[in-house]
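Take a look at the structures below.
Below, chain A partners chain B and then partners chain C, in two separate complexes.
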Partner chain A sequence: MDVILQFCINGLMLGMMYALVAVGFTLFFGVLDVIVFSHGDTVMIGAFAGLSMHWWLELFHPGLAMGWRLLWVLVAAIVAVVVVGVIVARFMIMPLRKAPALNTLLATMMLGTVLRESVRLFFPDGSNPKPFPHLLPDWAWQHGNLTLRFDNVILFLSGALVIVLVYLLINKTRLGMAIRAVAQDEEAAQLMGVNFTMIVLATFALGSAVAAVAGVMNGIYYNEINFGVGLLLGAIGFSASVIGGLGNVYGAIAGGFIFAFLQTLGAVALPFSSAFKDVFAFGVVIIIMALRPTGLIAEPSSQRV
Partner chain B sequence: MRHNSSRDLVIPGPAGCALMALALLAWCILFLKAEEQIPILVYMISGCLLVLVAALSDLHKSISATIASNEAAWDGCMIGVMLLLMITFRDDHYTLLLLGTIMAYATAVLGLNVQLGFTGVINFSAASFFGIGCYTAAILGTAGWPSLLCLVMGGVMAALVGCLLLAPVLRTSGHYAALVTMAFALLFRVFLEVSDLLGGPQGVAVPPMQMFGVDFSQAMQLWGSECSFYLRYDIALLILLSLSFAFVRRLERSWIGLSMDAVRSDETASACFGINIAKWKIVAFTLGNLLSGLSGALYGMMLAYISPANYAFADSLIFLSILLLGGIGNSWGVILATVFVVVVPEKFQVIQEYRYLLYAALVLFMIIYRPMGLLPRKVRNYGRLA
Partner chain C sequence: MFKPLQIEHLYLAYGSAFVLHDVNMEIPPNRITCLLGANGAGKSSLIRAVMGLTAPRKGSISFDGMDITHLAPHKVVARGISCIPEGRRIFPKMSVHENLLMGAYQERSKAKIAQRLEKVYELFPRLAERRNQLAGTMSGGEQAMVSIGRGLMPDPRLIVIDEPSLGLSPALVNDNFRIICDICETGTAVFLVEQNVRQTLAISSYGYVLSQGRVTARGTAEELKKDPQVEKAYFG
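What follows is the complex of A and B.
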């Protein structure tokens, strides 16, 4: 029983991270109808920006309290990722809007490779995994075989908080209304006086900021970051948003948890070695696509001729 | 329909082809012989300048007119160039391996060209199907199957595994289809790494090719001098590439190719004209995987040792980059781009470390500024038939 609970807790943590990444994918698809595959690598950039900030703080402000340190790391990650996201959106994604979908997808994959390789080659000793600092108190609650780490609880709650904030922003503010308008009908939104470029950039800033939080979470959860983590995170985020139906924010969140559930299931409940968990999870994604070609929660306006 | 205006310099017929082929051969030999970085750079830049001059002046029109009107002669000349290159470098393991890699990759990308270039079936896992060929050759070869059968089975296995993906690939489109093959590419790499049967992360040895009583892993004698054992593999790969190339070109010109083009450009319209979309997508996907698997099996035998690291998602992206660089749908473009993508990082050791970065940046640049590739595919010319 304890073991199962333990796996549930780990699965929930993973699901929260995947959901945060998937939200970005689905937001970008909503406003521009493109898949920005480099989003996974932006998550990685966020973690590395946070790490750089931590190093800088260690050098110049060694006595800083843990909470402040975490705040600064988060701020650095968010600023770096938002800048990268907005630049990418303005100078790459928007000019490619009229290109065939495959070209945009390939271009963003190549951009992801550029980001990944740049970190590997130009970040100091970037090709090796880096230890990520413990920025949260490491208390733990022990019960038999079950360990509930306090930092995991904080991470989970802050992830949930981010999701609630995104929900409020999209549903309760003027900016959110404009984002929804652009997602629904770009031209009509422009006729109503919505500044299309600004809204697209704001959406990319929002998605990227969420991704930065996911990056720092990822670093704290695994105590380590690696330049290659973005590829898998990107693929998982993409899978999660597709399972949930592209363009649907709640679907993406659900998709993130579904993917984490599949991984956990593959690791514990099935009669093969836990190393096959990713094989199982991606295999199920392929099967889901065969059965429901536009995701579990189908795309609202699937085009039929 | 010949439109050679009078001011075009037209080198007559097969002689023109032979002349161009000789020039190409001379340049290739000089380039491949060069070992210092400076001469390599000089040859490289001079080659690029020549191409640029040809592209900016009217020369490229007369060159392509000569090639188009003497295609058989040109194809023959290119095979001749390849053979002469192999003979020139017959005792040089490194260069022969390089030539073999070019030919194996080119065959695999031709398969991808049938899928994506002709029919528009998205495949982000070309390297995985290439890898299935390699691993099939390794496992069946170790089990003692005859080499030729291993080779064929490499292709057949790739096609069969591809059939597993058919349902999701046919039912989905656009981004959803991209996800299916991408998930497969990621799944395949992890699968190779964690399954002990396939050697895990260390990989497996592939038994050498044995055909007509000849062991391909032994050095061979040619005119009394010792040659590298890679020479036999290179000849086998050249045969495979030539056959695949001829096949793909004929496919492209036939009514099958026409149907495939129709499916790619407008599914709804072609369905209205009675073209069975699902059928041609299945044919294209299976054929493409077959070619990838065949070349993978032969290449695996040539390498003698394979490991999962070579069949990752990044390698599938390299195959796609080759297709996009060359000009999607253009078979000659595939050959040109493969040479470029394989040779440049091997000859410039300086950029070896940066090669993924450079490929990615280059393809990004191409997609934004020249989405049709280096050699854009031409519209069919039925002029000669008329």
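What follows is the complex of A and C.
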């Protein structure tokens, strides 16, 4: 029983990270109808930017309290990823709008490789995994075999807070209304006076900021980051957003948790080694896509976000 | 009083296919000016050029004395031109209320927005009843109301209305024409694009006939009613 609960807790943690990555995929698809495959690698950029900030703080402000340190690491990650995301949107994805969607897909896949290789080659000793600082208290609550780590609770609640903020921004603000309008009918939105370019860039900034939080969460959760971490996170985030019906924010969040559930199921409940958990999870995603091509939460493509 | 919308020597092409040839028009304030023409005559392309959705090849468009030829749509809207697009193009997953708010997207004053909302709800009591309904779940006639109401929300100086009666029952078409007259009476210039010749000419003061991308006839509504070119534009 305790073991199952433990796996549930871990699954929820993973699900939250995947959901945050998937939200980006689904937002970008909503406003521009493109799949930005480099999104996973921007998550990795966020983790490395956070790590760089941590190193800088160690050098120049060694006495800084842990909370402040975490805040600065988060700020560095968000700023770096938002800058990368907005530059990519403005100078790569928007110019490719008139080209077939496949071109954007290929271009962003290549961009992902460029980002990965850049970190590997130019970050100090970038090809080796880096220990990520533990920026949260080590307290844990022990009950038999069940360990509930305080830092995990904080990470989970922070992720939930980010999702609530995204919800409020999309549904309760003028900017969010414009994002939804662009997603539903780009030209009609323009005719209402929406500055299309600005809204696209704002959407990329939003998706990227959320991804940066996921990057730092990922680093703290595993205590380690490496240049390739975005590849799998990207594939998972993309799968999660497809399961949820691309373009649907809530679907993407649900998709993230579904994927994490499948991984956890693959690791505990099935008769083969837990090393096969990703094979199992992606296999189920393929089956879901075959049975429900528009995602589990299916909607007509005209009604996104 | 502002100066009219002026279209001068406008050429527009998609690739190498020209759809507008040397179009000259003037849409004065306080009037309904109509644009008649069969399907494929270039009416919608002209609207797209005015609103900044498609860049013309040559020529110029000015409004209130300022050149708007190459402005992005949101800047055209900021000049005081509003558009009720063909096919209504409401936001299906937004409530009626939000659709109307989108219409006043560039207005920052909450008091003005509230005032205009009230006006629109007065004009269309049905929308007031259904303000929280998702616009995509409404009937065609109700969606037309949302689209017209949304077009009025910016309190425009010029309103471009593209095929408002498309797909509506005759009773609703009559309602629409009555509302268009009301809009004009409040001082807004109306540029009405329609296929419904008789009813359109009945409320317009001036009109243009577009045929294969060229203006083949122009004149007051009375003149156009007698002009054989009008019939020719539709029946070849």
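Assume the second predicted complex is superposed on the first by the 300 of 305 C-alpha atoms of A that agree within 3 Å, B and C clash if a C-alpha of one lies under 4 Å from a C-alpha of the other, contacts with A are read in each partner's own complex, and residues count from 1 in each chain.
By definition in this document, contacts are C-beta pairs under 8 Å (C-beta built on N, C-alpha and C of every residue); 3 or more make two chains touch, one makes a residue touch a chain.
None of these values were measured; they are calculated from a predicted model.
In the superposition on chain A, A:L59 contacts neither chain B nor chain C. Contact with chain C, but none with chain B, is seen for A:V194 once the two complexes are overlaid on the shared chain.
One of chain B and chain C touches more residues of chain A, and that partner is B. Look at A:A178: by the touch rule set out above, it reaches chain C but stays clear of chain B. Once the two complexes are overlaid on chain A, the chain A residues touched by chain B in the first and by chain C in the second are 305. By the touch rule above, chain A contacts chain B in their complex via residues 29, 35, 92, 95-96, 99, 101-103, 105-107, 109-111, 113-114, 117-118, 121, 231-232, 235, 238-239, 242, 246, 273, 275-276, 278-279, 282-283, 285-287, 289-290, 293-295, 305. Residues 116, 122, 165, 167-168, 171-176, 178-180, 182-184, 186-187, 190-191, 193-194, 268, 313-314, 317, 320-321, 324, 353-354, 356-357, 359-361, 363-364, 367-368, 371 of chain B touch chain A in their complex. Residues 51-53, 72-74, 77-78, 83, 85, 89-94, 98, 101-103, 105-106, 136, 150, 154 of chain C are the ones touching chain A in the complex.
Partner chain C is touched in their complex by these residues of chain A: 174, 177-178, 180-181, 184-185, 187-197, 302-305.
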